[in-house]
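What follows is a pair of complexes built around subunit A, which joins subunit B in one and subunit C in the other.
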Partner chain A sequence: MDLLEFARGPAMQWALIILVLGITWRVAGIVFLKRKSDLSEPRTHGQWFGAVRTILSRSVPAPAFRSRVLYSNLLGYTFHIGLAIVVFAYMPHILWFESILGFQWPALPNAVISVAAVVTLFSLVALLVRRLTSPVLRLISNFDDYFSWVVTVAPLVTGLMAVADMGVGLRYETLLAVHLLSVWLLFIWLPFGKLGHAFLVFLSRGTTGALFARRGART
Partner chain B sequence: MNSADLDQQHPLDLESARIGVRKPEQRYDLQGDTPDEARVHTAMVNFVKDFGATAATYMESCVHCGQCAEACHFYVQTENPRYTPIWKLEPFKQAYKREAGPFSLIYRLLGLKKKVTTAELKEWQELIYDSCTLCGRCTMICPMGIDIATLVGQARHGMFQAGIVPHELWSVTERAQREGSPLGATPSVFEERVEWMGDEHEVKMFIDKEKADVMLTMSSIEIQKYPESMAAMAKVMNHLGLDWTFRTDGYEATNFGLLSGNTAWQKDMSRKIVDAARACGASLVILPECGHAYGALRWQAANLLGEELPFKVRHISEFLAEQVNNGRLKLRRVDKAVTFHDPCQVSRRGGATQAPRDVLKALGVELREMDNAGDYNWCCGGGGGVITIHRADPLRYKAFEIKIEQVEKTGAEVLLTSCSNCRQSFDDSQAHFHWDRTMHSLLELVADNLVEH
Partner chain C sequence: MDQGKTPQTLGEELRRRGMSRRTFLKFCAAVASSMALPATMAPVMAEALAGARRQSVIWLSFQECTGCVESLTRSYAPSLESLIFDFISLDYQHTLQAAAGHQAEEAREAAMKAHWGKYLVIVDGSIPLKDGGVYSTVAGETNLDTLRHVAEGAAAIISVGTCAAFGGLPKAHPNPTGAAAVTDIIKDKPVINVPGCPPIPEVMTGVIANFLTFGKLPDMDHLNRPLAFFGDTIHDRCYRRPFYRRGQFAKRFDDEGARNGWCLYELGCKGPVVHNACATTKWNQNLTFPIQSGHGCIGCSEPNFWDKGSFYAPLSSGRWGSAEGIAAAAVVGTTVGIGSAMLSRARQSDIIKKG
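Our next item is the complex of A and B:
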């Protein structure tokens, strides 16, 4: 079995298994903890509505905070949207999804994908620079923050290298295998560290939204 | 320690702009003689004791974006990264991941999270108590929606049991548990002062009635520093023709059990009010102009006591708004420009943001809102027990500079709030900065402007 076969075969299978089991374990480890019923007299009853409202409203900083967090929010949005375009709108990726999900959707032109990938890469670098230079971020950052950055950037870099076929002496097949392996690394790490926010964001915002709605506070 | 010792070792100062325990000559910020190892263990056990799905969700969710710093008055005014709200929980986050989270085994096996030490907890005392007013502004900015203020409150549970509470906060809490009031407003003092205010303001007072529809409560700050509040509340009740009473067995609305982190005492303090209200058959308990008292009785008491409360709980500003809105309370027009300072626990964290504004509308004032008023209001800096801690004064004043700037910008003639702790924080800062503005009470303005039927 060569590297590409390994990447396409057992490596992928294990990565997907760890991704799914890891997420399940982490979410179950939280949601199945005891949840006492609230005996205070509620001001309003729209708890589900409050949860949904907060899930939506926290996507954009409130006007009171906007000017203070504008830069990091713009960068954050840029790389999230850029990443989504690269992951979901690039034809070879769509074909991979089709192999798992059984259906496909239209792709964006390759030129658009390349621009998105480069912009994403730059915004991630800018965010890393920020993390390394801002006293607040330097203080609160730990291994998870830097490692998560690496495993997010790695597929972008290896993907761009594979597409551009600038393999520093490596064959295209090897480049592709390295790209795939870097994606599986992302899959394997995702459930454990901060990248888990991809699913925790709904739980966490929703929890506060429901609690605040009960009190009639702003959701 | 008996009461005489308490008075000698932690004497009260009831004369200054900020009342409380006199500045200690020597600080004792550690209680008991527990060995260091045991302190950490106790802190963590008590931190995770009430750890349900909610707190675990929050502990798992932080992405270290650091935005919470930008919402915190202590960080914004000092730019000291230690005041980043989520950093205040670092040892607890670390302990959670290592001991309790879904991947705790992995963290322990790989040694990814170090064991928390007592030295760290001692260092964190300043972050968990002195530099957090539990105002919850950080909760509003967190893109993950983590309610950081609640977590700090929970960290205090651990800190209290481990005996790592700032000197003054511990001593007022101990006094409250022992005497029924953190500031010496014992039942007999309370009764005397109620009678005094009745005479002084020629308002009929009811105390210890056997049966009453409405039971009123007071905060120690009001009893000792702003006693006119008692007359004002009584005046409004009499004006509305309600069947009401104060009770010497359940009058103290402040809850230092909550502020310091002693859950058992918090429960005891809430139970007094609940028992007194039950004894007189009240269907409504009114909380005074106090912020955390609202959180304690309105949202937490039923859950701590494990039963639904047999009465409704309303903050006085909510009650006044209800009476104004249903047309029972008519007020004279006050022709002034007013600005209103939102008490965090009543507005942002209590959901009663609109109530004072309805009352102000009925008073016909010109309301000049501060920037970010309402749910995003900047805290006065004195909440969460911070105002009791003398060594926190410089930091608190720094945070208060925001309020001065905000108030001045409105150009309003009258400053109003509906929290006596905010009011005392304003008084103290007014004295410190030689500022020419005085904070007033919304309730007292209402009581002075009742329209006779």
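Our next item is the complex of A and C:
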């Protein structure tokens, strides 16, 4: 079995198994935690509304902090949207999803994907520079932050290298295998580190919003 | 030239057949360029080839379908390539030789003895190793014994076709005969692989011309394939690549995309990971190749191409087996999650009780 076959077969199967196992573990572990019983009279019954409202309201910076967080917010949005375009609008990726889900959707031309990937990459580099140059951010950053950055950037870099066939001596099939393996590394790490926000962000925001709404706090 | 006299060199043979020097030089320039040799090598090659004496070749056919022989010998019209095949002294070849039975085996032994250390061995077909190699024998001798015996006195070996080069179809799972490639068995001789199912005739011509000119095999890649022909992928040189870049893919063999000649990636084309010269050298006298005829590349010049999933599954589709593993992971994950939450609840209760 060559490296590409390993990446397309067993490595992918195990990465998906670990991804699903990790996500269900994290979500079930949180959902079934003991909750403090709230004996007070609810101020409002629109808790679902409060949950949705918080999910939306916290997606834009609060006016008081806007100027201070604008840089990271804009770059954050740029790379998240860029990643979404690269992952979900590139035909080979769509075909991978189709092999699992059984259906596909329209793709964007490769040139658009390449531009999105490069913009995403620069945004991520700019955010890393900010993390390294800001004393506060450096102080609160740990291994999880840096490793999560590496496993997010690695598929982008290896994917761009594979598309451009710039293998620093490596053949295309090796580049493709390395790209796949870097994605599987992201899958394996995703449930256990800060990248877990991918599936926890709306759960935690929604919970906070619902609690606030019950207590009559502004969300 | 005396028509009755047996030509001693390739030059004499070509002149006898009315081949002009100009045509011969053009052929040498084409071969030199296809082998990625500098243009200045064309006259050198012409001189060396013209003076080359008949090269003794012993062709061993093992677990094969004769498709490779068909590909190499049945060109559309007589060509210089076929003349080179005519010129080499093919001292042993089951399908093409007139002799049969013991006479054929004796001819092989005689050729080996006469050209010991200098003859070329061409192998097509894989070699069965299981159960002592009994699954393919010729004249009572296993392919394994024949190969070892004949390879002993060979100057070099050319493995023709994917079966000889990598095991091919006979090696496909579950490989009932224990089929192996030539390079799995012969370690002490120069071996070049010319894979393909079948291989491109011009690649064979290039390899033989290179050997006759320089007395050695050409530069090879990590799978022992001639680098000049296997350096690029099919995708690198595919005329449909602009459609790939634009994201225009045929989704069915009879849809509008297929009729417009769009990229066949979605229909399972393996071109991006397959190294061969089909897209440049092409087939049937440089007329066409499978992708041009509307079918994706199946990757026949790569090892184990039979066992790499469906020919019609896109390259980027994963081979993830079944959903059972994922379902089991979800069940285990949920159970572990609930278990850890319960553990946390119990600890919280303890803390509250202790108050």
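As a convention for this text, the second predicted complex is superposed on the first by the 217 of 219 C-alpha atoms of A that agree within 3 Å, B and C clash if a C-alpha of one lies under 4 Å from a C-alpha of the other, contacts with A are read in each partner's own complex, and residues count from 1 in each chain.
The rule is simple: a contact is a pair of C-beta atoms (placed from the backbone, for glycine too) under 8 Å apart; a residue touches a chain by one contact, two chains touch by 3 or more.
This structure is a prediction, so every number in the text was calculated from the model and none was measured.
Novice: So, on subunit A, is it clash or fit between subunit B and subunit C?
Specialist: fit
Novice: Using the superposition on chain A described above, determine whether A:W25 touches subunit B (first), subunit C (second), both, or neither.
Specialist: So A:W25 meets both subunit B and subunit C here.
Novice: Determine, for the superposed model, which of the two partners subunit B and subunit C contacts more residues of subunit A.
Specialist: B
Novice: Touching A:F147 in the superposition: subunit B (first), subunit C (second), both, neither?
Specialist: Touch partners of A:F147: none, neither subunit B nor subunit C.
Novice: Once the shared chain is lined up, is A:D2 touching subunit B (first), subunit C (second), both, or neither of them?
Specialist: It touches subunit C, and subunit B stays clear.
Novice: Between subunit B (first) and subunit C (second), which does A:V201 come into contact with in this model arrangement: first, second, both, or neither?
Specialist: In the superposition, A:V201 contacts subunit B only.
Novice: Would you sort A:L33 into first (subunit B), second (subunit C), both or neither based on which partner it touches?
Specialist: In the superposed model, A:L33 contacts both subunit B and subunit C.
Novice: Per the contact definition in the header, classify A:N110: touching subunit B only (first), subunit C only (second), both, or neither.
Specialist: In the superposed model, A:N110 contacts subunit C only, not subunit B.
Novice: What angle, in steps of 10 degrees, lies at subunit A between subunit B and subunit C when each chain is taken as its C-alpha centre?
Specialist: 170
Novice: Quick one: smallest Cα-Cα gap between subunit B and subunit C in the superposed arrangement, Å?
Specialist: So the smallest C-alpha gap separating subunit B from subunit C comes to 5 Å.
Novice: Take the contacts of subunit A with subunit B and those with subunit C, and give the residues found in both.
Specialist: 25-26, 28-34
Novice: What residues of subunit B sit close enough to touch subunit A in their complex?
Specialist: 51-54, 56-58, 60-67, 69-71, 75, 79, 81-82, 84, 86-87, 90, 101-103, 106, 112, 139-147, 298-303, 306-309, 312-313, 348-353, 371-372, 375-376
Novice: Under the definition above, what is the set of subunit A residues touching subunit B in their complex?
Specialist: Counting only subunit A, the residues touching subunit B are 25-26, 28-36, 38-41, 43, 54-55, 58-59, 61-62, 64-65, 68-69, 72, 76, 134-145, 192, 194, 196-197, 200-201, 203-209, 211-212, 215-218.
Novice: Enumerate the contact residues on subunit A facing subunit C in the complex.
Specialist: 2, 4-5, 8-9, 12-13, 16-18, 20-34, 91-93, 95-96, 98-100, 107-111, 165, 172-173, 176
Novice: What residues of subunit C sit close enough to touch subunit A in their complex?
Specialist: By the definition above, subunit C touches subunit A via 233, 235-236, 244-247, 249, 265-266, 272-273, 303-304, 308-309, 313-321, 325-326, 328-330, 332-338, 340-342, 344-345, 348-349.
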